[in-house]
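Below are structures written as structure tokens.
Heads up, the next two complexes both have chain A, just with different partners, chain B and then chain C.
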Partner chain A sequence: MRKLIRAAILSSAVAVAGIASSAALAEDSITLSNLSYRTGPFAATGIPLMNGQRDYIMMLNDRDGGVNGVKLNYEECETGYSTEKGVECYEATKGESIVTQPWSTGITLQVLPKSNVDKIPILAPGYGFSAMQDGKTFQWAFNPPASYWDGASMILSNISDGNLDGLKGKKIAFLHLDHPYGKEPIPLFEQMAAKHGFTFLPIPVGLTEMQNQSAQWLQIRRERPDYVIMWGWGAMNAGAITEAVKTNYPMDQFIGIWWSSLDGDLKLVGDKGKGYRAISWSLPNSEAPVMQDIKKHVVDAGKSLINQGEGEFDWVFYQRGVMISMMLVEGVKAAQEHFDAKVINAEQLRWGLENLNIDEAKLEALGMSGMIPPFSTSCSDHTGHSGAWMLQWNGSKFEQASDLLTADREAIDALAKDGAAKYAEANAPWPVNEECKM
Partner chain B sequence: MELLNSILVKPFADMIAAPDFLLQVLWEGTVSGVLYALIALGFVLIFKSSRIFNFAQGIMVVFAALTLVGLHQNGVPALLAVPLTLVVMYVLAYGIERVVLRPLVNQPDIILFMATIGITLFLIGFGELIFGGENKRMITEELMIPTGSFEFEPFGGFVLMEQKDIVAVGGAILLVVALLIFLNKSKMGRAIRALGDDHQAALSVGISLSTIWVLVWFIAGVIALVTGIAWGARAGVSFALEVIAYKALPVLMLGGLESVSGAIIGGLAIGILEKLFEIYWGQPLLGGNTETWFAYVLALTVLLFRPQGLFGEKIIERV
Partner chain C sequence: MFYRTAGQFKTDYQSDFALFPVRQDAWLLAFILLLAFVVFPMTADEFTFRALLIPVLIYSLAALGLNILTGFAGQLSLGTGAFMGVGAYACYKLVTIFPEINLIVAIALSGFFSATVGMAFGLPSLRIKGFYLAIATLAAQFFLVWLFQKWAWLYNYSTSGAIQVPNIDMFGITIAGPNAKAITQYYVVLCVVAVVTYLAINITRGRIGRIWKSIRDMDIAAELVGINLMKAKLLAFFVSSYIVGVAGALFVFLWRGAAEANLFDIPLSFRVLFIAIIGGLGSIMGNFLGAILIVALPVLLNTVPHLFGLSISSSAVEHLNVMIIGALIITFLILEPHGLARYWQVIREKLIIWPFPH
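Presenting the complex of A and B:
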């Protein structure tokens, strides 16, 4: 019955939002579209993220009347995490929206060349093609605050206590979704393995095997790796964690990327998942002023779509969604200030995203201190490389388990430069930002 | 020479060197195979009685499992939630027969197939509206399914069997035996088989098409529920379960669309062979993840020699 009520509220909210949005269009407004995936095999991952993104913007509209007097129209186009549908959504939303948030490395790679022509910024926080950090080559693409190569590097740094040579002779299995997302960090891992003398063992998981990973975990049993690093998404995370529990793999030697830190997945195994770790550039803090404002203006007002019974408000993913919308809105604000305009266009937002300066003072002012590390972007650096923390599952929730970790910039920058050059060459003629002198 | 050695010698040497590991692989393959066979059975039953390839079987698994979990989340005791879920599956079967199938009687097979795609899309949307897309925990303990494991030490090694997998295999065997008895010994079962053999002849002796359709869709719903519980106990219940239906397609190609025993043997064969191939050939030689295509290659190879599948009936049409 509760679900039915939620569904009814959702339907009403959509209808009201539709009426309200046509009225809002008459006012000053900016449309921010999101290529969401609330349906399909990856929905479990998508829903809390999209809810967090949506609720932050709803809170700003309710609390502040938008941004500098301009209402924010948050619109979702459902992709189901399908690359084909994602491209359709990109085409459908690029006219109205000043940004595209593709939400899949596969979709990001498809729309990357289009963004140069359509002149619309791609915002892919913590995902996409890692070489997008090279802002001179990828003028329209942004992946703050950390790339997958950053994540891989920080995980290696953490498990080796900062001395990667200490991994010499060890075996690291890489359990990953057999998808562009899962394959993205492989070049960095391979380079690090060659440099520091550890064995790197990629173990792919196909879409149809996400919930039955017995073959992959039999391989892990046979190979006896010292660590298993996971690049999982959606149902793959829950499948892997339950198999790890079943095979008695030591949980503290099992580490995931930030998209493998969904509270809902770990709740399936509860105490048995104790010790599992995941790298994360966001830290949940439900008592932070921004979260309390969301609670007051959105959740308690009955406008949120979160599953309160499951405690979604406190989840890492929900609050990460809030951080993602914060980055976008700060880009809007920077552009408004720089261009002295209320309603900005896509090109102006590109400038804003390229000049993000999320420092401690700004985080404090936003009520987000400690929820995301400070970072800044520039015309040459579209990632910001904030660093990240290690989270650990304590049986009922994730807790911070490390100080702020940083990535090996020397190795990553060289790989990114090379990756960007190869991409530009393969897609020639590819425009680069000649004006950027950094 | 080294390549030939790694294909023809090394895998078998590995099996002999670690027999406990081989046993574990065979067990995991058996569990997967039984679960594939269950999904395939849902397809076979409906095809056998109505010549409809039911594209909605995968989403029926999700829908049944979500209904069970959803009812329990709303305070219904687990053991009561099971019969209530069966009631929901009966209502669904009845609704499908009345709203979708009955108006399409005598339409070409492709129209009926397209209708099942429509049912799939409806159930996806309706299910997500009612239950949401989040991953949910299967109520395994509440259904009194044991969640521990048995550990054996054969050949000085180690084999682990999860109790819930043993229950899944046992449950599937019971279901199949019951189904076979029903199909072969009961009046309704014989009516289903009669419809599968010859629609016109079956109708001429008074078999009610609509009653049989409701019945087979309901049985497919029962199978979907058992499958949903077994798969959901492994990694939760979500719409991701729908993709496992794709694993049944090569089982059907291998076993034949009309054969209950074909679905069972095909499922087991694919489950065990794909696991053996992945572990001993796929991972060392091809980088792994061969399970996504191995079953199709195996099924296509069989089709080259037996187009009707291993157990399918050879259809001869006079023109």
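Presenting the complex of A and C:
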């Protein structure tokens, strides 16, 4: 018993010392929290992304001592992709963190209305509401560098070789998760189908049937669509790809959104997945200077959490995580410069994210040219619309398979304006940024 | 000594049947209410309200609804999550169709929708019992969640298929929606839960409650002494689903702020069922104890490593959390299969005779 008490006293003394030292560190640091999910049904897709985000920030802290002399404090709060835990994490982190990264369309839905009240920017790169591009309405939400509607439009333009009227009479099946995330691009597809005369066939996959999609693929076999476009996440991607291989669906007619490009899912089928394509606004390049720095400062130093045996370092998702942290850090840098401050607050970061300017020169300086298309945001455009590339699985990894694609801005902007107006109306009184004259 | 009942004489039946025949029970309740109404609101911050106090109250209410059906009337149900969904969607439609409606009225009315639906799915209980009935209510679970997804009118044809709570004012104070303060939402939830609990206590210890208990214990005997089984069972489904529906409306309107159909899927039903079972079937207080264990304890455990300045990654904490909660549930159920409420009874009896062992 006495030993036990002694151990308890000792450990609490260590703990107190720990608190004291962390308080000393807190002077010159910025907390960037991430609502991560390394557990639960979507962990397989979450882990490489979170690792990429984490490792980029760790590399900056190690190589440059943070950003302009300020340490970046990267903190994760585990949600397991559950919206309930997400809200808990949002409430827990909003005090210290200057940003919230909700990492699920469901959690984004919950925190979006609160962001106006709590005045904390939401960074949802490549996910969330497509209508969030309207920065005047969604003042605190950012989804650079491309929205789901951009992705849908670019996929259509790629499969029709740039001429959407060429799709006339064709049948496109849309295999999607039956969830706000999967439903998001449907309005755009429907509009495009009416305009260009192709048949659009939505096939929902329920959360409980992600792993067993035999019913959905039976329907695909019966309908014989010319293309299958997939909006999948987590276990659904692997389920769909294995099922497509099983039913011998031609892989070169099977295209996924950027969240359906996890190397691990395709490794399951290997050569048989050859020809599968996915649109992506990031391009893995393990030789790029930034990746080499991460390798040197984080991975080789043994500080990374990645699974090196699996080659996670080369994965699309891991390197996309790096790009996501880059956007956040560039936002911090822009804000530091504009406000001439070292430690910035949430409102200043909002300005930074609204004035992101990622051009070729900056990418070159960051050592990541060619890994993400250049883009810039403004007070009226919170997405940036960088465009994207098509990636193709060659049997062992994803390769670039197209030039930079761009989305049909005219159709999307009209739809986004409409969506934002509807959202603001349904949530009245909703504050709109009147100062923005763009 | 602490709980000395000696000297508290009852001279008429009325005082013997009072809500609190023992004076200390009343004091204890007064103390808890004082904590809930005065002390917590003065000390809690927004995180405590939103992650601990409000969810515990709402889950307790949902479990209370289920407990009336399962614990008092003996009808096993796995459709609680879906009935909560009916309450939530009904409340959403009421609020969007009649924007002028008082939210409390809307919540009270939405309970009737889920009560009607619950009664309809309770009809099989007249023929089937036990596990077979559980399967029938499981059908309600799947059907209703499917309906929430497919019937676009329910979510006003929004593209995401989710419902969003608008800002709702009552007497000039915003009580729901993004602009609402956590403390006002807490008070609204607390008042609703307190009123419903009071009513539930009185229903369950009165004539209707005794009818339910007699059905639970032996339905043939109950029928032989002249109880109309159909009426009583359907009434149990009605009352239970009403409370569950109110809990569902509170769940979305005063806590979550937005909801998609999957939220009301089977994991929610199981969660509420676990709260009721671990708290203690056939008890009112058990629901609150169960909710504290299942809802609040994981949140508290999450903050423990931070308090001691230990830097464990949040996913490791989550894994540990699941293990600890699982172990606790098993331990509690092995030590006392009748749930946490029974624990309190044992402790109370010990306190009454303390310091004597028997």
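Quick note on the criterion: the second predicted complex is superposed on the first by the 412 of 438 C-alpha atoms of A that agree within 3 Å, B and C clash if a C-alpha of one lies under 4 Å from a C-alpha of the other, contacts with A are read in each partner's own complex, and residues count from 1 in each chain.
Definition applied: a contact is a pair of C-beta atoms (placed from the backbone, for glycine too) under 8 Å apart; a residue touches a chain by one contact, two chains touch by 3 or more.
As the structure is a computational prediction, the values presented were derived from the model and not from experiment.
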{"item": "Clash-or-fit label for the pair chain B, chain C on chain A", "value": "clash"}
{"item": "First (chain B), second (chain C), both or neither touched by A:Pro187", "value": "second"}
{"item": "Partner chain(s) touched by A:Thr39 [first = chain B, second = chain C, both, neither]", "value": "both"}
{"item": "Chain B versus chain C as contact partner of A:Ala426, first or second or both or neither", "value": "second"}
{"item": "Chain B versus chain C as contact partner of A:Asn116, first or second or both or neither", "value": "second"}
{"item": "Which of chain B and chain C A:Asp178 touches, first, second, both or neither", "value": "both"}
{"item": "Touched partner set for A:Thr247, first chain B, second chain C, both or neither", "value": "first"}
{"item": "First (chain B), second (chain C), both or neither touched by A:Thr83", "value": "second"}
{"item": "Touching partner for A:Pro374 - first (chain B), second (chain C), both, neither", "value": "neither"}
{"item": "First, second, both or neither for A:Gly197, with chain B first and chain C second", "value": "neither"}
{"item": "Common interface positions of chain A, toward chain B and toward chain C", "value": "38-39, 178, 207-208"}
{"item": "Interfacial residue positions of chain A with respect to chain C in the complex", "value": "11-12, 15-19, 22, 36, 38-39, 75-78, 80, 83-84, 87-88, 91-92, 95, 105-106, 109-110, 113-114, 116-117, 129, 178-180, 183-184, 186-187, 207-208, 305, 419, 422-423, 426-429"}
{"item": "Touching residues (chain side chain C, partner chain A) in the complex", "value": "46-47, 50-51, 55, 149, 156, 158-162, 164-167, 177-179, 256-258, 260, 262-263, 265, 299, 303, 307-311, 313-315, 317-319"}
{"item": "Contact footprint of chain B on chain A as seen in their complex", "value": "1-4, 6-7, 10, 38-44, 46-47, 178, 202-212, 214-216, 218-219, 221-222, 234-235, 238-239, 242-243, 246-248, 264-265, 267-268, 307, 309-310"}
{"item": "Contact footprint of chain A on chain B as seen in their complex", "value": "18, 21, 24-25, 28, 31-32, 35, 70, 73-74, 124, 128-135, 137, 149, 160, 162, 231, 234-236, 238-244, 246-247, 275, 278-279, 283, 287-289, 291-292"}
